[in-house]
Structure formats: C-alpha cells, structure tokens
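Look for chain A in each of the two complexes below; its partner is chain B in the first and chain C in the second.
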Partner chain A sequence: MGRKVFGGFSQAVLAVWALLIIAPLIWTLLASFKSNGEIFGDALQLPGELRWDNWARAWERASIGRYLLNTAIVVFFGVAGTMLLSSMAAYVLARFKFPGNRLIYFLFVSGMAFPVFLALVPLFFVVDGLGLLNTHVGLILVYIAYSLPFTVFFLTSFFRGLPDAVAEAAMIDGASYTRTFFQVMLPMAKPAMVSLTIFNVLGQWNQYLLPLVLLPGDKSNWVITQGIADISTIAGYEADWPALFAALSMTVLPVVVAYIVFQRHIQSGLTSGAVK
Partner chain B sequence: MASIVLNGVDKIYAGGVKAVDGLNLEIRDGEFMVLVGPSGCGKSTALRMIAGLEDISGGEIVIGDRVVNHLPPKDRDIAMVFQNYALYPHMTVEENLAFGLKLRKMPKAEIAKRVNDAAKMLGLEQYLKRKPAALSGGQRQRVAMGRAIVREPQAFLMDEPLSNLDAKLRVSMRASLNQLHERLGVTTVYVTHDQVEAMTLGHRVCVLRDGLLQQVDTPQNLFDNPVNLFVAGFMGSPSMNFTYAELVRDGSGAAVAFAGYKLPVPDATFTEKPGLDRYIGKKTILGIRPSDFEDASAANGNAAGWARIPVRANVTEELGSEINVLFTIDAPPVEHKDTVAAQNDGDEEETATLPLAGDKSLWTARVNARSHVRPGQNVELVVDTHNLHFFDVDSGLAIGHEANVGR
Partner chain C sequence: MRRHGFVAGFLLLPVLLYVVFVISPYVQAFQIALTDWRGVSAGLDFVGLDNFRRMFGNETFWQAIRNHLVLLVAMPLATVSLALLFAYLLNVAGGSRGGTMTGVKGSGFYRVVFFLPQVLAVAVVGVLFKAVYRPDSSGVINGVLVKLGMEPVGWLTDQRLALWSIIAVMVWQAVGFYVVLFSAGMAAIPKDVFEAASLDGAGRTRMFFSITLPLLWDTVQVGWIYLGIAAFDGFALVNVLSMEQGGPDGATTVLATEIYKNAFSYSRFGYASALGVALFFLTLTFAALTMRVTRRERIVY
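The block that comes next holds the complex of A and B.
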C-alpha cells in the first residue's frame, strides 16, 4: 500500500525533474533549426523548416570540429591516465600493508576536499614552470591529478571488497604481482572501472575553469568549453543565435550519446558503491 | 610428489599472538593428511605457511628435498583449493584451468590435453566454455579441484574446500575426493573443522589446538586412544562422556566408581595403560564413548560381561538406525579447560548446551534403534568396560597413553 502511494508520488517528482532537465535540451536542439525571428517568437513554436545551414555555419566559422577533436584527445589521455594510475594506486592501498599506507590514502582523500579554485594560481605557475602552458600535455597532467582523489577513493573501497583468495590463487598459479593485478584483479573490478571511466569522461569533458587558465593562448588548442564560451560572445555581437544553439547541440550530443550507451553501467556503479 | 616436513614451525602475528607454536609434522609422500581443530586453532595458518601465503616466524618447512621458507608460492610447486573456490570470475572454466599452465609457458597442445583430462575426470566437459557465475556450487568446487589437478603439483593443499556446499553434496564430494586421491596419489594436506570429514578422508589426522599439536595418528587410533581430554572430546560425535571418578580395588577386582555407579575395570585395561594402577584410590576423569553403551534389552546377550547401569532417559534423538539417549548422572559436570575447549567450536562466547541438567552431567548413549526407548522411561544400559578412558585430573592427559608415559 504505502509502497504504491510512495511509488506514484516519486514517479511524479521524477517526471517533473526529467522535464526540467530535458526541456531546455530539446528547446536548444529545436532552436538550432530556427531562424533568429523564430527564436524570439513563440517559445513553443516548432522551427518552420530544418535549417541545416545553421549547423554548417557553426561548424565552419566557430571551428567546433577542431575544438571537439582537441577535447577528445585531452579527455581520452586524461581519463586513460587517470584510470591506469588510480587503479594501480588504489589496488596497492587496498591490499598491501606497509608503513605510510594510511597516510597516502588520506592524502588522496583530502584532495577531494580541496577546491580546484584555490589551487589555480599556483597551478598556473607550476604548469608554466614546466613549460607546459598552452599545451595539451599540461592540461592532461592536471586533469589526471585533479581526477585522482575521487577515483582512488572509490576504487580503494572496491578493491577492498574483492576476495583475497582469488589473488592468492593467482599467486599460487604462478602469476607475478603485476600479472595478478592486470589479468585477475583488474578484470574483477570492471564494474567500478567502467562507471568511474564514465564519471571522469563527463567530468573532464565539461571542465571549463582549468582549460581557461592553462590554455589561454592559441585558439587552435582550445577545448570545446572554451569554444562555446567564445561562440556565445561572438554570437552576441553578430546576433547569430541559431548558430550558437547549433554549436551547443553539437557539443552536448556526444555526451548524451555516451550517457545513453553506458547508462546501465552508471546505474550499477552508483549502487555498487552503496551496497558494498 | 613429495613429502612435506614442518620442523618447529612458528607463526607469531603482530601483537605477539602465537597462531602456530613449534609445529612438528611429517606428511609422507602420497599421504592424505588432515589438519583439524576448532576455529582459531592455527590449522589454516599452518596450511597457508606451507603454501607460502604467510611468512614463517620460526622453524623450517621442507617440501620434497627443498627448504621452502623463503620461496614464493609459485616456486613451491603446490596447488591450493580455497574454501570459497577463488575462481577467476571473468574467465571461462577452460581458461580457469589453463591459467596456471599458460603462466608456466607450457606448450598449447599439452595444456589442452591436461585441461581435457581433468575436465573428463571431474565431469566438467560440457561446462568448459561457461563462466563460474553460470555454475552451481558443486560445479565451481570441481573447477577449483580441476585447477589444482591440471598443475600436477608436488602436493595439494585444501582449505576447508567442502564447507560451502550443502550437506548432501558435501558427502558425495567427500567420496569423490577420496577416489581422486586414490587415483592421483598426490600428497595432500587438508584443513577442516569438521571431525567427520577428518575421520573419513585422512590417512592420518593431526589435531591442533591453540596452535599446539595435540596428536597425529590414524583416525581409528585417534578415536580409540586419544592422547588427552581435548582430543577425546573433539573427535567423535556425539562426543565422549566425562565424569570425575575414583579407581578402587577390592576383593572382586578393580572398579571405577562414579555417581553411585561402579563399573568393573578389566585386568587387560591395566596392562594396556601402564601406570593406571598408580591411580588406584585416587580421583581420575573417566571417559566413555556414547557408542560403547547399548540398551540391555536390545543387546540380545551380545553384552556378556558388560557392566549394567540403570538410567532414566531425559531426551531421545531417533536417527533411524540408532537412538541417542541423553540422560543425567548424579555427578557434577567435568569442567576441565580441555573439555570446554573441545565443545566450544571456536569463537562462540556462550556455552552450547542449555543449563537443563543443573549441576549434573548430561551423558549420551548411542543405542540400537530396536531399543524403542522413550523420554522419561527407565532403561538399563550396558557398558563395554574394555573401552574405558582414564584421564589425569590435573593435566588432562590420557593415563597410560604411549605418548604420555613419563610426562
């Protein structure tokens, strides 16, 4: 009984919530096909025709393609590095006893409590000092460092939950520590790895502040979030709102597609941490 | 195949807890050795030290003719079966079996042959392409066995491999294990807390308690000649009945008196247990196995010369083929540290029995099902007085046991 009432109520709340999220997205998508006049007309009106030239203009003039490629490169190496390093760190922290283990673990965890804003200025000088300012390598390294705390924290608790006996069985079977990790324990951590990969992809894809500080120069190095900010400024001057919305749609689509494809993993990742 | 020798092996954990204390044990080539004891007795630790999964704090472990103290597990040429199977969940059964062989750079053809042989032996052929998640508990157990078998190691180490199976499957797997050992003849060290498993599987059984070796012997010898109160109480189910008793000798010969009963002690007992005559006139602890009782009316004259004791049955447990008769005798229960340890299976704080018997001892007799005894009835039991066990009140050691002479 109570379950059913609550079910109905929560469904309604979820529906409202979904509407709040989806409506602006759909409006953005629709607006990308509208003309300037239609955008400032009735908000509920559908575009008169599919004006693909808005998209073409955004793609060519605002070099969205360039920004998407840059972002893809940075996020790919950023996430790959994050996952590799944090899984190795978390595995050792979770399964090996050595002096300083707790200290290192808490250093990682405390990184989560440290807002990136506070580190911006020193970070700028460090990256500059390394000669990596305005390079993708610099941004990738900072992304990795900034994603490690949460990823290590989450993976450590996951690795702790895995049975010791499996690692021991691998040892007896003749696997080295490295092989035990890569061929036995890491595959067992796949659910956590997949969901954390997605979290990190989304997080790094949407990162704006760090590239703004670390890639201030050459426009051809920019990532998508910088590009969007730039386009919205230009669009304001030129009053080319349809092109702005087309560019926005282009940047949102890859993320939405990724989210839909991996939706199941995101859910299972969220709950697996709660139950264990 | 190889023998395994433990020379004064110690395991001391941080904080000074001695999990294994000066363990000396020789496991012969091809022998099935069972380590048994209540939980926390150090049996698993001992096994893990043989495997190389735990460091050795002191002493020496020899497998074959090599001292393996500092060898990593993979160089000890042993295979281990874990309690929770420890299969690789992301690999198929076939890959699970082949993993250890691949790591040893064995030729593909040889791997395939061994995997198929093992699968055939264990009836796993149709499951080779499945992953462990798609197998039942018994099948997973067999895969775990198979992973050990394909390696063709010097020794198998098994850590309570049957304890996760349900009761029926456990019995059939126990039989399969026996057959398997018969066929392969590989030296096996098997850890269990279940004394039935220990009795049925082991060529010899090693009883451990608090890290200390109590007795190593064949199952029958452990049952017939336990070295002390702990082994006597731990081995055998239902466990041995104990009471304080006095040995006396009068005109009609020697006898043991307890709780108003007086059982004659045959002369043969005194020759079997040298030193027992020194206890005449003194207090000892008497032990009688439930199986050494019989209902006088159901004994059909097979009990000629057995002593009779009349008792009142409090509770009867009918098992079909026999009946456990629980009765109280008018004597305080024996509260020796050894009997308490044998009854408490590990970390349970509370005692397992209800205080129904008050300050009397609750005894069990296992009688023939034809006895038809009911709770509350008076029944005349006969006792096989040739199998009485006597223990020293202070030390708890079996009087006259060869290992205890001179101790």
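The block that comes next holds the complex of A and C.
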C-alpha cells in the first residue's frame, strides 16, 4: 500500500470522526436561532433569521444566568477548598512521620475505590441532619470531601518527590512550619496544583448526581446541569424548544471557548491522573 | 511540640470533612442495607439479608445487570479500538520523515477536536443527543436518513436499539480522552524501533500489532479499567437521555438509576443501599479480575 493511499485513508477516517464531534454542536447552535416550526421541520434546514429573542428567553425565563452564577460560586469555593485542604493534608502526610500517618493516607486513598452511589442514601441524611440540605455550603463541603481522595493521593506523591534541602534551609532561616509550607513548598508544587485545579474545576462544574440529591428544592439554588436537564423536560410540555437550544448553546459555548484557550493545560491536567 | 501542633492543625479540617461526608456514609450504607428503613426514624427494623433476597428475585435488578454486562463489553471495546486507531494515525501513520515517525497533516487540529466532548457535562451531552436522536425527521440522524429516502429510526424508543444509542454517546464522549492518553504512550516509544521494523519490511499494520500495541499494553490496561468503572455508572446519561429514566420498559436501566429511583422516588432507603452494596462489589470484582487477566510481562525498552 503506497504512502499516498494510506495518507488519504487516514485523513478520511479522522475527518469523519471530527465531523461527528462538531456536527451536533453546530446543529445545536443553529437550532437556537430557529422558530418552533423550523425545529420540528427539516433538521438540515438553516434558520430563516437570527432570532436572538430565543436567547433572551433562555437567559431570563429559563434563568440560565442564575444557574451559571450558582455553579460558578459553588465551583469556585469547592475547588479553592479542595486545593487548600488537599495540599495541607498531602504535605503533612508526605513529609512528616507521626503515628497514624499510614492509616490516614490509606483512608484517603481507599476513597477512590468506592462508587459514590453506595454512599448516596446516608450522605443525603448526613447533609440533612446538619441542616445543609438545599444550601450551597452543603454542596461545597461535599464536593471538597469527595475531591479529597484523588487530589491528596496525587499531591502526596508530588510532595514526596521534592528535595529536602529547600525546606531545611527555610527552617534554619527561622521560618515556621506553616510559613515554610505556604511560601516555599507550595510554590514548588505549582505544576501539580495547576493540573489538579483544572481537573477539579471540570469535575465539579460537570457534576450532576450530587446537586440532584443535595439541592432538590428551590430552583433558584440550582446549578447548570440540573437547570439544563430540567429545561429539557419543561420544553416538552411548554413547547419552547428554541429556548432549550439557546440554553444549551449558552452552556456549551463558554466551556468550548475556555477549552480552546487552555486546551494544552486541560488535556494534560485531565490525563495526568491516568498516567501515575 | 510545635511540630505536633502543626501536623494536627493541617490534618484537622481535611480529615474531619472526609470522615463526616465520605467515610461515615460508606459505613452507614452497609448498615442501612440490612434494614427496611423508609426515612422515618420509627420505622427502622433490622431485616438481615431480606433486601438482598428481594434484589435477587427482582426482574429489574437482573435487567440492570444485563445492561451493565453489555456496557462493560461494548463500550470499552469500541472506545479503546477507535482511540488506538486514531492515536496511531495521528502519531505514526504519516510515515517516516527525516528519521522520525510523524502523524498525518492537521493532527494538532484533530487532537483538539477529538478531546472536546470530554470537557462537556454528561448531563448537557445527554440533552443535546436527545435532540439529535429525535424519532422523526426533525432529529439530525433521522433528518439525514429521510433525505436518503429511508424510514426514520426510533433510536431511543425502540427497545432493541435504545441501549446501543446510549453506548454510542458514551463512546462519542470518551474516545478523545483515550486518543490523548495513547498518543502520549506512543510518543514515548523510541523511533529507532519503528525504523528497524521498517527496514525489515514491516508494513504499518504489522508495526501496529507487533510494536505499538505490545509496548502500549500498560496504558491500554489502565484505560480499560477506567472505562469498565464508567460502565458501572452511566447514571447521568441514562437519567437525562433515555425515555422514563431507564426505559423503554427497563431496556436502558442501570443500577445507579435504580438506586436513585428507589431512594428518592419511593423512599426505599434500605433496598437502595442494598443495591449500592451490590454495585460496590461488582465494581471491585471487575477491577480485580481485569488486573489479573490483563497482566502481562512488562516490556522494558
């Protein structure tokens, strides 16, 4: 088989898959400008005009803005808390000898082996018992707790690999343990912190199950995945499909833009977990 | 003393959060699975293994297990095969240029596009494909079929097709991740191995099966375990995409869906926890088995 033929075959295979990825997204974007009639007509027809009022309806009536803001708040505090607490725990577990060290490390790591569905029922009642059901604080704390195993595991192995000399020098210069951690050791862990932050932002932003269980009440508290799934159901009986597609576009577009800007970091951040 | 204070201070909050929200629920789940708890404190009786007996006699449970088995075989197989093919085309198929193996033209672009679905929320992808799969010509796929003069297909309404339609979406979303993962592995294979094979007259297909695949085996194994564990989940997609959350008529239901329904729709918390325990042991068995079966002598290069 000649090189030209093989090259052409490769291009064709790859182009087909690329088309399969992009087509549904472009189609959704186009459908967000269609009228209800056009949506239920021929799927391959372009919209007759750019109907921006679909977007306005999705933003206001379907409160996509509200959902996005809620998600941003929850994910911001969720990831900040995850990174802070994980790095503290991982640092101590990696570099200090004390009774119980191995046990605590094992407890954290074993969390990766359990499916979250096993914990679902008791978790609901624990959160309810603390009065945190239907609150963002409750969801944030749960996000942090369930992000700990992987983040602690990953950071512990990173901190173990850092040289001893730097920390010792800082201590000799009179820095306290806390100061040595925040001003010397944590900055050295930056590459791992960046990867894990991306990993956790995406994981928490896309979470669907936990909000469904822990924020079942008032819609004004909901996050974006709940909102989109709900609009999909509502569109069925209110017959406002254009608003659904506008809402979908609004949700997907910022993620796609962020992805294109940071794609190198995101790819390495997400796959770094698998190549440990 | 200062040292002990520091260690304790740094561990206090993370361990506290972890014990309250992760460890304690997991432990409680095993206890609740042995009760008939329905959410009111008075109605809690220890019923031993009754929930498990009911579970094994329940047709829906077996339906979910059958669906998991289909998922477990089909989804990783399709995802890993496609990802290996794409990664190979992207990294090696361009032939050797100036002594190194190169991918086809535009491989950077393909890599970005293929990975894209990975960053989208599964729930959002589910809503999106609900529209793509619509049963008349207003759905993208059926729109094309009708244009070609064929009958529209009930992708999600046909009992024999629904699970496969959902598997296709899972594969659609997952392939890009494994393309990137396998690409990294392929890039680490020394180029002179390919050159030597090429001098010996090996074709590209032969090179793939004799060099790339064996040297990539560890990574493929990791990928297989990840996908297998994902095959025991499937909640978000089934919940959003399928008819009546697991329908038509249980054709797409998974254990996670049954756990959620039994707990939060019917308040059968004991039974739901028993299903959770079953799911836990299934996942664990799968991971242990895969490790054993796929273990090979590690090739050092």
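Here is the rule we use: the second predicted complex is superposed on the first by the 233 of 276 C-alpha atoms of A that agree within 3 Å, B and C clash if a C-alpha of one lies under 4 Å from a C-alpha of the other, contacts with A are read in each partner's own complex, and residues count from 1 in each chain.
We take it that a residue touches a chain if its C-beta (ideal position, glycine included) is under 8 Å from a C-beta of that chain, and two chains touch if they have at least 3 such contacts.
From a predicted model like this one, the values you see are computed outputs, not experimental measurements.
Undergrad: Touch test for A:A72: chain B only (first), chain C only (second), both, or neither?
TA: A:A72 contacts neither chain B nor chain C.
Undergrad: Kindly classify A:L29 by the partners it touches after superposition: chain B alone (first), chain C alone (second), both, or neither?
TA: Neither: A:L29 stays clear of chain B and chain C.
Undergrad: Please determine whether it is chain B or chain C that touches the greater number of chain A residues.
TA: Touching more residues of chain A than the other partner does is C.
Undergrad: Could you tell me if A:I234 is touching chain B, chain C, both of them or neither one (first, second, both, neither)?
TA: It touches nothing on chain B or chain C.
Undergrad: Which partner chains sit in contact with A:A80 here, chain B, chain C, both or neither? Use first/second/both/neither.
TA: Neither chain B nor chain C is touched by A:A80.
Undergrad: Does the superposition put A:K190 against chain B (first), chain C (second), both, or neither?
TA: first
Undergrad: Could you tell me if A:V109 is touching chain B, chain C, both of them or neither one (first, second, both, neither)?
TA: In the superposition, A:V109 touches no partner, neither chain B nor chain C.
Undergrad: Looking at the overlay, what does A:L20 touch: chain B (first), chain C (second), both, or neither?
TA: A:L20: touches chain C, not chain B.
Undergrad: Per the definitions at the top, what is the overlap between the chain A residues touching chain B and those touching chain C?
TA: none
Undergrad: Would you pull the chain C residues touching chain A in the complex into a rising list?
TA: 2-4, 6-7, 9-11, 13-15, 17-18, 20-26, 28-29, 32, 82, 85-86, 89-90, 93-95, 104-107, 109-124, 126-132, 134, 136-140, 142-144, 147, 172, 175-177, 180-181, 184, 203-204, 219, 222-223, 226, 232-233, 235-236, 239-240, 255-256, 259-260, 263-264, 269, 272-273, 276-277, 279-280, 283-284, 287
Undergrad: Show which residues of chain B lie in contact with chain A when the two form their complex.
TA: Touching chain A from chain B are residues 51-53, 72-74, 78-80, 82-90, 99-100, 103-104, 147, 151.
Undergrad: Taking the complex as given, what residues does chain A use to touch chain C?
TA: Contact set of chain A toward chain C: 1, 3, 6-7, 10-11, 13-14, 17-18, 20-25, 27-28, 31, 39-44, 85-86, 88-89, 91-93, 96, 98, 104, 107-108, 111, 113-115, 117-124, 126-127, 141-142, 144-146, 148-149, 152, 176-178, 181, 202, 205-209, 212-213, 216, 224-226, 228-229, 231-232, 244-245, 248, 251-252, 255-256, 258-260, 263, 266-267, 270-271, 274-275.
Undergrad: Residues of chain A touching chain B in their complex?
TA: Touching chain B: residues 163, 165-166, 168-175, 179, 184, 187-188, 190 of chain A.
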